[in-house]
């Protein structure tokens, strides 16, 4: 147990009172600290961002509402805001994209785009190469079939779908690579804010599909990042 | 309102104490009285059957467990019992099948067969012509695609599927005829005894799919019967 | 399988980036592409509408809020907006109503009208003939009874009801034709935004009732369209 | 507050270790102590019964399984066991029925009878006069209509129904007297063990219907008893 | 069945297009038609009110928001609006209160008052005599105990409580008269908008408590009215 | 029973019509009457506060929105308002902090601070000594480990966490003192407004963790107060 | 962080393949390792018990079914089995009861006894002094009131109640000491296997009540143990 | 689209009536057809197995009860049955394990072993190298810490945990590689058959954790297989 404890000891962080900023995560997780914008005041977001940026880390903010983004832009004019995906990015270190692997980002309908774009931004910040395949729901399955080439070329496929989320099952049956399913809260009534899609993806008849939280485009992107890094180190190794 | 009331007045039924047997339903609904075997004692089932049979009506019993069926066979040796679909049939009037229309009965997996067979028996008793398309779940979509001919020839398609129930959405996007979806309780964990499939079918991205209760093969068959009779009267008219 | 694949091959669509517009659906489903207005920006709705209209297809938009409708009217002054049902219609091809069949559209209370009107507009755009029977809930069952004539003359009956949704069961027991039940989110407390009506309709004691999603007036209308087209082809055949 | 406290003080009970038997309830509630058989060992039921009987009170046991009943019969040969309603009754004081008021006990289907009979036994033990109206579900509404006379003559109506429970709404719209609705766990799938009926009855469109727990035939009977006693004291007064 | 049908035939109502106004309910239910304000436009409420008032009936509107009330006041300056209970009353026939019976209206906390006041107004319009016992939750049970006198004098007790709703059980154990429990949506988190109180009241350990929908002060008042009318006719009889 | 009744008798309270103010609670519970600001009008809050303050009691208001607080400040300029925790405090009697015991108040993330601060204010008003350990979620477990000293010195630990609430289990395994877990509504999708954290804390694999309602910072503080007072009396004793 | 890590390092455990037996817990938590019997084979239970007993620790097994207990008795003839509470105890070190503090263990009904007894055994093994107050549900509140003396003398009160769980609120309002509420799965229908009681206890109107999992008598006992130890060390200190 | 359709065309399968056996899946998914034993008769399982084995494919059966396994052993004496994981394996082609990558299979408690073993068997059949880390729940976090070496050496980590499932969050914060979380149905009461763990894992505060269905050890193994194959092809490429 000694080595485990030795590693944990001495991990750096900074206390801001309302937040304990983890400077070691970039190393530990291979990714910058990510700030969930929802539930934080704009002052808190600014403070954490400033602390991270101070130490040269890239900052990535999710669930950042348009009005909070506007306030932050006054503090960080160089911040990039993706209005559809509601993400803010502050680069201190340039991102080097891994073009050796491709992520196919598939969505069922136009209304799933906010989630898909949160995912796309996450992947971009984490250095992944993304190909978008949007609005190919199973009710018109020939649209999906015409994209087989993109799916087959991908190292990992992410599927964003609301309503019944059937797209994940169909894609899962078509490809051999890892499939990450993101249920979205698109739909009304018995969709129950994404519950129908969530349950559907968890019980998919296609084997080995994995699922993240409802509307969690960030989580799907980060999960793909874990995988791509493992693949990359394979190559390197 | 007079005519409405005139029709209602004088409708015949028999009181057995534990049941009020409706002799008019054969006329009113164009179908025999159906006995839900679950929740009734075998004595009650036998009593109601006897009363219906006495007046020359066909008797159809659903959710009839094997042991109750055995007891009933002593009373009605001519009863036909479908062990997989758990239905019992007592014919007093021969069934004339309507071969002009076909029902395509599609199921996602082998485990959905009890529900599909309950549906098939219901359709048979109600005089419909059924073509079975079994075990064609979307994880291997080429199996479904190879059956396009059967689907295209059908007047109505019934889809039985558990787990995520995605098959209903894919079928609904392929055909123009009415599609009746039956969620089944197949699956475990987040399938929640059919809830995942039910919600998935209700929120299907394919337009105009209709849904019946979980495991309600009988209901789907009866709904198809309502439609087929309307089509038949069209032809006749 | 060849013929199935041949049919799928070559199906046309247009990619707009945020949407993959399906030009074949008019043929495949016998109905125009329908745009779900909810969850789309007005720019996206306008773009899809323009692409559909460009190819001479009729456009039908559901869940179209009043303010989005106003913006769209600037782009398409000829658009018809139904404020109660929240639908927008852009006609490029005249609708020929099928007067040979009638749809009885029954609602339980005044608060169900937005759903019923969405359904009525859907039916109108799809060429069906609708008779409205509004505010005939079962607490004053004589109101429904006085409309028996309309119900008996219909080829299909659609029942929109919130609260406990009991109207569907009563209607289902009165008529022999197909009955499509639409649970509405009318009611409070234990109505749970339409869940009570949904469960009630799914477990109806009347045989062969089919159900669509909560508040899904469009879905019920489209399901009726599938039925009516099947009947119509009977007649033609 | 003095008088309130004075009343509470000195109320008698006996402690058996596993139970604190309330001898005052007969006075306080106008009814004997009722023993819920479920979740108690047969030894505990026997002990409580003996203590109650010792003081001359009538004993009423609900949810009494057949095998427990058999054991109890050895101890109390005079016990009356209703197998359908699963109730046991030990009389020490004769019951005087109140024939001035009638309770109409309505049930939707044969499968609701165990609940209805639990209610009927409860009413009998509490001295009420019951008229059974069984198997009159709304899918064949003429059966209910033919019983209008019984409903109109009743002082209170109890409606036991599973599945969607629509019968309560229809009855509630027909009569002016108090209506007590008992959802039963009859039905499968989306009936969710009585939840569909419970929600339906709670959200009934008929005004002033009151509801008890799922399968709680005893509770409905006791609630009616509270009503009838109030009426009786009126008459007396 | 003839007499039942004869009674139904000829019941009067007026069709307004969006509403089928039931003029017979005053007779059938012994109460004026009640308008649920929620989910209706103010024009619809005004139209229905005008039709009812035209025929000399009293009008009672529930769930009437303050802004709708203001608009209605322009049309009906004599309308009485209870802001706390959100009810509007238009009297055409004077109300004669039944002072022979008293309703004890008990609430657990100050936040339950909107529901309690909706109930109080309903009772007032239906001619009942109400005594309010407010803010006597079980956490300070001596406050309730000090009101034993009021409870003991009542012909019926209504208990409005949110959170865990325990007050209903305690009151139910104290009095012999009918107890109607109204769960309110007061509370947060695991109160789940009244679900905790609803389940608690349905499973109360006090025998014979009856329950209405969450926040349904009107329903509880109407249920009490059904009972009081029965008692009144007892006295008269 | 006499002594019990004697104690209850004579407990003082004041009736304000909308509220029954309990003057005895300070004695009975060892704490001032607490006003839940949510669901009360500002006039009601002011009235209750005035009555409590009149008798020299401290007043503590929870769930006090900023706009209500502003209005109250006009009436009570000395009121202390904690904007993050949404609490208002009116001191009439000085608080004497119990520095002999320490409460460690642990939170998982910055978004949990409103709940944690409600708890901190509650503890402060009740005379407890609080040490804050904020933003130490288990995804970076070394942050928590670095605070072992604070945890080990505490007499009781309160853990506020949303999302999956895992922090409570880890803390529960580290310390021997009582652990009170507060699930927060932080998180989206399958967090279901705190349900995920609530279920997680209730089923924690660490033995003897106790749980309060979602977002109930006040409840956790009060529970700790019950503990601390018991400890204090030990010491005193 | 060093000291924290130092403490963790070197904690002893034994790996059995199917279990990692924690020998340090006796020290760390002040309690023996507890074995949850449910979900383990009797061979696994025996193996873990043997390993614990080997090192002189006391063994406490919960959720131990009668047939597993019988098998274990062959291996450990000295094992004490509590059939009602389903617990097994193997003493290697004598238990010294802390008679300075008393736990009042209150239950609402006879059916709650298995949970209460699991709690009582847990307390006994952990050295606590227990006073049982059984079958004092709020429907007959005078029974509870007569036990005020026991409640007032206790250092902590544990309340086990099913159905609506109202007893916890009433007790919480009566005493100042810590109250631990245990919802039980007693009740049927809307009790939903303890959900009603769980929600009720979480939303109790009595301040500062804490809750454990449904039927978790062990958890409540262990929580009390955490508190009592803290009090004991107070005294010692 | 042509190439996509060309690929789909000609995919082989065999129809058995009750099953459509997919011979192409071995190629398409890189894995043998897997038979879900639950919900199938032993005759159906045997028939499908025989058809697969006939063509030289390996057969893997999950959820295979002990009694069905015994019957199958008569037909296939060479079948390997894992009683704990309830899986059956029929090898026709030898498995070549990929020792270049390791899967760390972590479980929280002994009761999670059936799920973990189903996963381990799945991985073994699919050629993965597994290291088991069992019974290291977070309540004794030093047990997990002592296994840091195994975790750090793994290419992918699978975490099986019931109750609150907190282990997944802690592991997710410790490692950089992909983490697949499997909620198990271990736990009682508010664990709700795995729902607590499922929600907890979906809302984990550790970024990029992916989740499969409750108790779905097979699904987690197959998902890992998708990952490992992608890595392997990297290396190969």
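Every chain is named by a letter (A, B, C, D, E, F, G and H) in the order it is written, and numbering of its residues begins at 1.
Everything below uses one rule, namely that contacts are C-beta pairs under 8 Å (C-beta built on N, C-alpha and C of every residue); 3 or more make two chains touch, one makes a residue touch a chain.
None of the values given here were measured: they were computed from a predicted structure.
Colleague: Can you tell me the C-alpha superposition angle of subunit C onto subunit F, nearest 5°?
Modeller: Result for this pair is 180 degrees.
Colleague: Could you work out which chain's C-alpha centre is the most distant one from the centre of subunit H?
Modeller: Greatest centre separation from subunit H goes to chain E.
Colleague: Would you mind working out whether subunit A and subunit F touch using mostly the same residue numbers, over half shared, or mostly different ones?
Modeller: Different residues, largely: of all residue numbers at this interface, under half are found in both copies.
Colleague: Counting only Cα atoms for the centres, state how far subunit B is from subunit C in Å.
Modeller: 25
Colleague: I'd like the Å distance between the centres of subunit E and subunit F, where a centre is the mean of that chain's Cα atoms.
Modeller: The answer is 36 Å.
Colleague: Roughly how far is subunit C from subunit H, going centre to centre by Cα mean, in whole Å?
Modeller: Measuring from centre to centre gives 43 Å for this pair.
Colleague: Spell out, as numbers or ranges, the residues of subunit C touching 2 or more other chains.
Modeller: 1, 5, 8-9, 11, 28, 109, 140-142, 145, 189-191, 198, 202-203, 207, 213-214
Colleague: Which residues of subunit A touch subunit F in the complex?
Modeller: Going through subunit A, the ones touching subunit F are 8-9, 11, 13, 17-20, 22, 24-25, 28, 36, 38-40, 44, 48, 63, 183, 185, 193-194, 198, 213-216.
Colleague: Considering the complex alone, what residue numbers of subunit B touch subunit H?
Modeller: Against subunit H, subunit B makes touches at 109-111, 113, 134-136, 140-143, 145-146, 186, 188-191.
Colleague: For the complex, give me every residue of subunit G touching subunit F.
Modeller: 1, 3-5, 7-8, 28-31, 34, 142, 145-149, 155-156, 173-174, 176-180, 198, 202-203, 207-214, 218-219, 221-227, 229-231, 234-235, 237
Colleague: What part of subunit D is in contact with subunit C in the complex they form?
Modeller: Checking each residue of subunit D against subunit C gives 108-109, 137-141, 163-166, 169-170, 172-174, 187, 189-192, 195-207.
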